[in-house]
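In the two assemblies presented below, chain A is common to both, partnered first by chain B and then by chain C.
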Partner chain A sequence: MRDEQDGAREERDLRLLTASSALIPPPSRGIRRAPNTGLAVVSLGLLALLLWSVVYPNASIVIGSFAGGLGAWREFAASPADLDALRGTVIVAIGSVVAALLLGVPLAFLLTRTEFRGRRLLGGVATLPAALPPLVGVLAFLFLYGESGVVTRIVQRMLGLHEPPWSLQGLTAVIFVHAYTMYVYVFLFVSAGLERYDTTLDEAALGLGASRGLLLRRVTLPLLMPAIAGAMLLVFMSALGSFSAPYVFGGGARVLATQILVSKLNGSIGLAYVETTVLAVTAVVALLLLRRMEGRRPTAMAGKGRATRAGARSGAARTLLPMLAAALVILLVLPHLMVVLVSFARDGAWTTQLLPPEYTLDNYRKLATERALWRPITNSIGMSAIATVANAIVCFAIAYVVVLSKAPGRRLVALVAALPWAIPATAIALGLAATFDRTAPLQLRVLLVGTFWILPLAYFIRNIPLVTSAIEGSLRQMDPTLEDAARGLGASRWLALRRVILPAARPGLVAGTMLAAVAAVGEFVASVVLYTHANRPISVEILAQVRSLSFGTAAAYSVLLILLVLAITVGARWAGDSRPARVPAG
Partner chain B sequence: MERRRPLLALLFAALLTACSGGDGRTVLTVYSPHGKELLEYYEQAFEAVHPTVDVQWIDMGSQEVLDRLRAEQANPQADLWFGAPAEIFSRAASEGLLDPYTPTWATKVPADAHDAQGRWYGTYMTPEVIAYNTHAVSQADAPKDWDAVLDPKWKGKVLIRDPIASGSMRAIFGAILARSIAQTGSTQAGWEWLRRLDGNTKEYVLNPAMLYQKLGREEGTITLYNMPDIATLEQRTKTPVAYVIPASGTPLLVDAIGIVHGARNPAAARQFYEFVTTPAAMNQAATKFLRIPARSDLVEDSLPVLVRRARAEVRPMPGDQKLIADSLDGWMKFWDANVRNSRRGK
Partner chain C sequence: MSAPRPAAAPAADVPGALTLEGVSKRYAGNADPSVDDLSLSIAPGELVALVGASGSGKTTTLRIAAGYEAPDRGRVLTADERGSRDITHEPPQRRGFGMVFQHYALFPHMRVEENVAFGLEARGVGKAERLARARESLAGVGLGDKAARPVQALSGGEQQRVALARALVIAPRVLLLDEPLSNLDPTLRQTMRDELRLTLRRSGVTALFVTHDQEDAFAVADRVAMLSRGRLLQVGSPEALYHTPATREVAEFVGRAVMLPAEQRGDRVAITVEGVTLEAPARQPDGVARGPVSAVLRPESLVLALNLSAPAWRGEVLGRRFAGGHTVYRVRLANGAEVEVTGDGYGAAEGARTGVQLSGVPVAVVPA
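Now for the complex of A and B:
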């Protein structure tokens, strides 16, 4: 993975810098530079941008919840359904975090630390779940593990049961789907952390007589804590606001995100605003707790990381690991295969059979002759590109200000930047719709509803926390004295930024923007509220096909979307592997 | 910065895409739940006659249309709203989201199938039916009336579309409660009926497509839903499904059309309004898309058998429509909090 030759010189330079800075007694721990005007302007500018795009639209929802005095709040407190939904939401969020950690952390260790047959293949498919757009993923799970799903029926037949062995319903089903789709955050963050992890530290600890357990507890986990905490935060927040899975599998169980929709459709906008506010407050509380946990850990890591992969130690591991890898690969790929299979199935023909009985190319043929086929696809690509480029620039600036500066307002910037995860996409969309539905300069309103730009803005807002926390994770692993040292040695601010900060931020920047582009290109929940005829994205087209019972055509569209996502992933890997262009010294 | 170039190129391409488009024709925006096929059909037919108009429809659920119109109230994006139960149109009208328009055929629909101030007129009639999977249930065994669905033999076999979001289910539940009031003077018997239905319910399914899927795959074998959708499923897909028109009568939803308040192109909206409601267009809707026209002046013989049968056999369920319209939101809230899952699976 790492290009040793290329990085060698840079690494040596950095080690020297670290060593020299260690000789000078630091003025305080954490070393942040004294405030300076340029940074203060950047920080306040970011704060203004975030307040306008994130806080302003959502504040109108909180204010809206008090429109009828405390009436809607009393209604909420007295409603057993709402309290049930609140409990369900917390269970789903915590359950998803635990499940994602159990899956993501071991897999990241396995792939970065161990050499075994099938490692490359497993590494190749490990991020595939991120390639399934929310709605498509949920449908694929239904076709696989639902009561009449393929896997369910196979198990039922093998055991000779009359009833399906399980039913994919309720909170457990939601957590099951979340574990599959959200473990990717944990996996990517921890992998990025491990990539910057210097395994000579392990050797040193072991050499000094530490047991493996002690090593894990006192060295490895503390060093990875920023990455793990960042990932936990993302999983928790996405699970809290997740809509598609509870919407489809919720059946008996309630969560707030779907309860908001129920209230809205029932004509109780006030109650919907209260539910949105409660959900957001729950999330903000969790956010503060997790941030605290992230901030308490010592995070400095010297050097650029050196990963060595060991072969499996025992004979048992040598045979078991490839089998485990094979099982994981199958599990990870099945939903995609299912979507591909359905895209070739004739609609309506598949009833009680194990697999679709009739196959056809009609679904793809229909797409090829569809008059406006390429419009949703170019729309999604274009809007995703605009939003992601904006995310890369703005979020890098946010992460820099938050992690490496002492600029005024940075704590508030950090808090507000993490906010969009806390707010369900539906609420973000509604807030935008309510705020940017007219041009009113005095109220800082611009007409965006009904224009092309409303969706890129929504995608941008939704992905701020994702990209920011990925970059922050990387920057926190950098020794904060490095930048000072570079400046002290005569580098200009710009050179230090390019040669010290950007390289340090790169794993997170690449991982974050990749996830953002993937999320934007398949975004569904906010899109469905805000799209117009001119910017209709792929996900909305898929929904339209599902609505008209064309599961096959919807699956064919989904296959195109998955290919698009894979292209983005491959592009990101290429960007992650190639070294930045060498800048002539001068 | 070299590796940013592909991104910049993409951005540029995206900007080009964003700025292109628009061919000088008048854009007519239609919000409708009628589905891709019907909308595409009328779009092409209309544009062939009115080449200066570009019809852009957006296909979404009835309740979503209402939500969207509310959100866009300050700057309306749509010109015409084509399709949704009259109950929803009435709410939109009372919120000032619709403009009055009297179509040329205004006198050809029943008095209760249009708004007194002309803000919406009925286009199609939608009866609710009992549907069953023909693989699993024989025609003789299928329940013939509402009360038969409560039979213990259907325990764990009934699929119900989530009632909160479904116009059809709301109409059925409303009719059951209104019947209870008409017969006993209170809603008590109606709630007991709904609790027993909850006891027989296998699952509350969150959207129609999944309902059809689960019904076709025998996760449940009977359901309650609207006739045009079930008939389309029966005739246009291979799903093994058939339906029974309940003997004691059924709620009959009026599906309506109306012009959005503040429409940008009201003239084109009126043209399209008239275009999709001519006798010829109604005939097309009946033959091609199995809709039951609300207009009373159509030549009966020109309609397909299925539609003629429905027009003849469907008897509206007795009940105070005004009472239903006024109480439904409260009833649904009570159902959600107290009836849902009270006996299901027990």
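Now for the complex of A and C:
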């Protein structure tokens, strides 16, 4: 279920870091440098790189879907399984949006507008689901709510049932899992919207005699619409491309993202191409539709927001709210706790008991001592490091060209750099598999499939929009005349870049690369399509361990991933704080 | 206070359209109260300005009057044809007051006319009628042609007028205005002052407005209430505050003034600087208080010494400022005090030595 998580995380931060829309190049602003040959070469070089790595593979898929004329398309249209998968995809996407809204919006209001005991604690753990690496959440839900999960067994025993009270199967289960992981985006967006919200508008409406209902309907919600629509977009896109939740919990239910892999493994490549094309086109259409919704409302809110939290009004609320908060905190923390607990459980010993009966350090010892088990860890760290460094360099160049230069092709560079945002990871992965499966210099093809380099390339492509928009956000805040000032003082272009532009880009660069590293180190969706045994990353190994029912080992890997993510976050915070970059706003 | 008052109440006993009775409010975390035992009554149709420096508690007072804050102590009362009633704990949406916010708080997602019609929408007025009345109200503030615009398309002055129209269209019992002119540029501010008073007068509304600018207060209000550290220092007409300030603080806040130690001698006041004593008629012949007093010297109280035979304080001209019909000199007296002195512009150059005399205009006296 957390496959989409890294995609979703990048999307979330993309939205948080820059208000400009990802697919539409923002209007030029400030003073741009005059055309310059060096910059033009850089710009065109970037464009070529992006066309080759982003556009070419995806175009191959679309073209490939027509390789046998309309045959594959006819097969798709005639296949009940595929139509079922399309239907399932749309149901999951819409259901996830609704569920995430139902959870996220009230919680955001509660935490930003009300004061009650336990508010800080709840606020602290509210975003925890987004901090779970891909697949780890799936694992935790399996341990908790699966057929032999802890919560399932407790409920079963309390009710004295012979059968488990529910089964974590089908589209409902997928939506349930998504609700837990994706409500965070709604919560974050709406909270951010409420923080910026000018509460004198509410006061004005109340002063004019509006009831609470009218206030909400006519003023508050319409003004939060950009935030809500942004979050809906994110959840929709994430759920659309969601892979691991349907993969693990789907049961008989199908969605396109998993159907693609099924078709590929069955050797129906043409059908897989059609499915991928349909999924990508659906995603892009949804993106454009929701973006219109997001952009239609004016977002400008003048005045000073006065974020006062009111105490609960009624006595009932005063006793119920802390209880509700406590229950939510437990629900939110439980998956993390469960993974840690299981990581100490002896594999095979946990059968019918409520909790694992035996505890051991063996799972961790095995990871450290067995070469085959250690390999995925070094693989993930190495591949994500390579991808992240490439992201930092290339995306800084893209952001510089797009924001501060007048180089030819920069609008197209901005557009293509945002493209991977709209394309589900499965589609990106399949595109790479279809394009770099052989070496053909005239077709610009290099054999990468089956080599070490295919996964870093996939991570790199997936993270281009995230890192680019983070750096762009920082550069946009820079006073564009600063570079001119530096040049006017006699600085060379290189000195100006090093001493003026880089410090200005630093906050976005640090934040963007941090998020990219976090996403890459736990990446699952593209990995599961493209991995080989030699370069399998942690996430794929987790799935393999789950398959062989080695839950303890899988959980130990998961804990390790959580720690890696934590280390990256802490490291980035340290890098961000050590030398504060002060950038005057333009 | 819920019992209806007799219909034919004597004029002197007309209940205030808005009355604050001993209102106090202290925010959690603050040592001192923001509003301290404040009482103020506003007669129907009266325009009252609440002035004070920032942090004096004027906005808190206004928010208590509007119902956005509840006072720790004291009562808020309103009176209408049904009599006087306690509204201390009534929420803002039930008070029927209008409010104009400092940043106007116009709904950015609504057109101008929708903004103005919102209060009518809350009162269940049908769409056609409320839009018609909104346009009428907009015409009343000279924005009849901007009704269909988005609010962001308006200038600051126009937004201010929309906020006013929005507050007035619901025919509020009381209109509350929070720094309504502070966001306008100085030139526009001059015109808007007069326009604001005209609009308020024409609508006959009772208004309490908060400002830190005494010129705003003087131009718009019938009465001015001066607030400092949560306490009411003085309430009166602009003239009363200027000519007979109750305290040094009022004197300093209202107009330009320099306070010098003085001695009240019957209906005259005597001021001594470096051994030279000058006298002027006192504004308050009865005196203000026992104990030491200070004389409030305004630019028009002093002149450059033309009559060299009469006694004068000695001083040095530090600077001069041409102010239209006259010139104001800044003079440092021999005792170090800097005063402002009115002159004709031909008297003295900067750096010149000069004499300063009292002009003979009555001088106010405040407790030292």
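For this structure, a couple of remarks:
In this section, the second predicted complex is superposed on the first by the 334 of 586 C-alpha atoms of A that agree within 3 Å, B and C clash if a C-alpha of one lies under 4 Å from a C-alpha of the other, contacts with A are read in each partner's own complex, and residues count from 1 in each chain.
The definition used in the following text is that a residue touches a chain if its C-beta (ideal position, glycine included) is under 8 Å from a C-beta of that chain, and two chains touch if they have at least 3 such contacts.
For clarity, every value in this text was computed on a predicted model and none was experimentally measured.
Once the two complexes are laid over each other on the shared chain, residue contacts for A:203 go to chain C alone; chain B is not touched.
In the superposed model, B is the one of chain B and chain C that contacts more residues of chain A. By the touch criterion stated above, A:60 is placed in contact with neither chain B nor chain C.
By the document's definition of touching, of the two partners only chain C reaches A:223; chain B does not.
Legend: residue contacts after superposition of the two complexes on their common chain; A:211 is shown touching chain C, with no touch to chain B. When the shared chain is aligned, chain B comes close enough to touch A:248, but chain C does not. Once the two complexes are laid over each other on the shared chain, residue contacts for A:534 go to chain B alone; chain C is not touched. Against chain B, in their complex, chain A makes its touches with residues 79-81, 142, 146-148, 169, 247-248, 250-252, 261-262, 264-268, 346-352, 378-379, 381-383, 385-386, 388-389, 392, 430, 433-434, 437-438, 447, 449-450, 452-453, 528-529, 531-534, 536, 544-549, 551, 571, 575, 578, 580-581. Chain B contributes residues 1-3, 6-8, 10-11, 13-15, 17-18, 21, 29, 35-37, 56-60, 63, 67-68, 71-75, 77, 91, 135, 164-165, 203-210, 212-214, 216-219, 233, 237-240, 329, 332-333, 336-337, 340-341, 344-345 to its touches with chain A in the complex. Considering their complex, residues 66-68, 91-99, 101-109, 118-119, 121-123, 150, 152, 166-167, 170 of chain C touch chain A.
Interface of chain A with chain C (complex): residues 198, 200-201, 203-211, 214, 218-219, 222-223, 225, 297-298, 300-304.
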